[in-house]
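Mind looking over this structure? Questions follow.
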Amino acid sequence: MTTFGTILSSVHVKKPRIHCITNYVTANDCANILLACGASPIMADAPEESSEITALCSGLVINLGTLSDKRIEAMLLSGKKANEMGIPVVLDPVGAGASKFRTNAASRLLSEVKFSVIRGNLSEIKVLAGERYTSHGVDTADTIDPESMTGAIELAKSFSRKFNAVTVITGEKDIVSDTERTFIISNGHPIMSRITGCGCMLSSLTAAFLAADGNEPLTAAAAAVCTMDICGEIGAKLMKTSDGNAGCRSHIIDAVFNLRGQELDRQAKINII
Amino acid sequence: MTTFGTILSSVHVKKPRIHCITNYVTANDCANILLACGASPIMADAPEESSEITALCSGLVINLGTLSDKRIEAMLLSGKKANEMGIPVVLDPVGAGASKFRTNAASRLLSEVKFSVIRGNLSEIKVLAGERYTSHGVDTADTIDPESMTGAIELAKSFSRKFNAVTVITGEKDIVSDTERTFIISNGHPIMSRITGCGCMLSSLTAAFLAADGNEPLTAAAAAVCTMDICGEIGAKLMKTSDGNAGCRSHIIDAVFNLRGQELDRQAKINII
Amino acid sequence: MTTFGTILSSVHVKKPRIHCITNYVTANDCANILLACGASPIMADAPEESSEITALCSGLVINLGTLSDKRIEAMLLSGKKANEMGIPVVLDPVGAGASKFRTNAASRLLSEVKFSVIRGNLSEIKVLAGERYTSHGVDTADTIDPESMTGAIELAKSFSRKFNAVTVITGEKDIVSDTERTFIISNGHPIMSRITGCGCMLSSLTAAFLAADGNEPLTAAAAAVCTMDICGEIGAKLMKTSDGNAGCRSHIIDAVFNLRGQELDRQAKINII
């Protein structure tokens, strides 16, 4: 089996170019974390150019934060182009359930574009699975804890079956699942929930990992989650007493910049079931 | 009287969700400073969803930076929804007076939406009060110094009467006033004027403070101003010789993350008149 | 001859107000680096207000990142207003060649607006010169190394003739040229290519330098390039072992904040041919 470390090393070597159609709140962090892992970001969200930009890339991220009608058009065009080309597409359904506009956009994307990976929190995935109609917003809501774990794994599996994609549900522990196997990842740090864009950055990393090593999307997605989580731990450990979430954000991106494959494998806390 | 410290503690406990319709230049900083104080940000500016997003929140910030026609629509829809719900709305009229587009948008918002707090620099407030027609831009212009203080307090009071809102005028010293009482806040540090988004971040904090403790909007707004100013002082003190405005920006958000109510009360330099 | 240091000192004294029509990925960094060098940024990209905003400023930057149809309109209106006023305009053709949308926008801007300085990487400038039809994206592509140097200098000169502007081609070494003289700048650090927005920040700085000292656009542009490069070196030197591209980005802006004219002249590694 490919280890997480070899996939990270692949990203370092192949430097995949990733097209991000993403929100303006965390676009800068997404660009810098892609550069940190050795990938090369292109941000473009105008429907007039989006599919041409995708055509230059080896991975695509579609992130629903600060959604707009124009950006939905661009997402559909780029998603279809990526599918034609056979490159991986990651969906981050930020805020699905928070408004009909976002839920409908997510549904339409899921029906017209084939995604390799869909990454959200538990409530976003529940909304897209049809299990609930409203999320409590962008970053709160149901979390994955020991109690909800079994149900969340079942949800991830059935969601993967429905959309023929790897499902990533992030929370206290993270679930990365296809229809058969599930990685449960215990790395990470609570401060990550107080840094805007940790989810968005993870989705961007995921596209880079898939683009660099497309053979096992499940393993590549799990490697990305584990990378982000371990860098969250490193970032938290680097904090001085006067540091807070802003300092830690910078430490996390820097940790990605410095992380090598061997260290990733050494720090990973995973269960495969 | 509620102290500033008890209001900050309320934010820590209640973790209010704040909807920000704000410019893309400082949206990331606004999100991180809200997370730093314990609140939870949602950024959304499409008219297709804005009022639904507001409905999930307990506070709303409307910031006129990088204004667009679509964003004005969203502001009006969300502002009205917030008024229906009875949640606080903060207006940050960035650049009012710099263009007819911004001045007109601010005027329309002021006539169709009831704001709890309006926060600007002296020239922005003068423009909206009809005292002058052009501002010299976004961050310069008239400042509050000993000479202009008396006039500025009068302006704040009459502005508060006109719009039935708390008025915050930030400058070398800050004025927070309703129709009767005025807080003059002497905290803060000159480097804050060289960090983009200090005003925007303050407006976001203000919404969180009002959402957590709505009984005395005047005191809550003054507590937010004082928090931002004290964190500016702490941030400036944390600077090493090689640090500049970028390092200090991070220190300020980190200081908000670490500030506790008792320390806020201990450091506050206020006069109430 | 005016030294680079005297131009930087001019920026410190004159504090020029710069209108940026720029992408949302790096707008925050552009605002902070302008504040760092003593200038004052205004970001505004709505066609409804853009020319009025330009009218308040003494320099304009037009940056094609995350381009949209609305932003092109604003660029044309502001560019023409700046030309009427006789203030400097800098073009950063981010991603020219990556899509017809961007290439066409750049061409239209070049035909309807007179630019003082055009700054891009080698492939962007080649595309605009009609030498090649596709760029490989945003940050990769042809670089300036010893082998390509002679051709790149010729390109810069002929490009300057064609558009009656100073041409800046950034790479391993940087070329700043008008129709006659060429500065070759050997400062800089490789990590700059792994920090999003280094090019955008440089274009913003360039506008501030031209606005502060308009007598010799060639020298002012070279001074801006040299400032950015030296601050890249300082930023890289400040990195601790745990630092990466995010920490370094902050160090670079901080270095601009702290750089004085004398130090700039002392560190500059330039050849004039």
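A few notes on this one:
For clarity, chains are labelled A, B and C in written order, and residue numbers in each chain start from 1.
The definition used in the following text is that a contact is a pair of C-beta atoms (placed from the backbone, for glycine too) under 8 Å apart; a residue touches a chain by one contact, two chains touch by 3 or more.
Small disclaimer: the values here were computed from a predicted structure and weren't measured.
For the touching copies chain B and chain C, the fraction of interface residue numbers used by both falls below half; the interface is of the different-residue type.
Remark: rotation between chain A and chain C after Cα superposition is 120° (nearest 5).
Mean C-alpha positions place chain B and chain C at a centre distance of 33 Å.
Each of the following residues of chain A touches two or more other chains: 24, 28, 249-250.
Contact residues of chain B toward chain A in the complex are 17, 24, 27-28, 31-32, 35-36, 40-46, 48-49, 52-53, 56-57, 70, 234, 238, 249-258.
For chain B in complex with chain C, the residues that touch the partner chain are 23-26, 28-29, 65-69, 95, 98-102, 136-140, 194-197, 241-247, 249-250.
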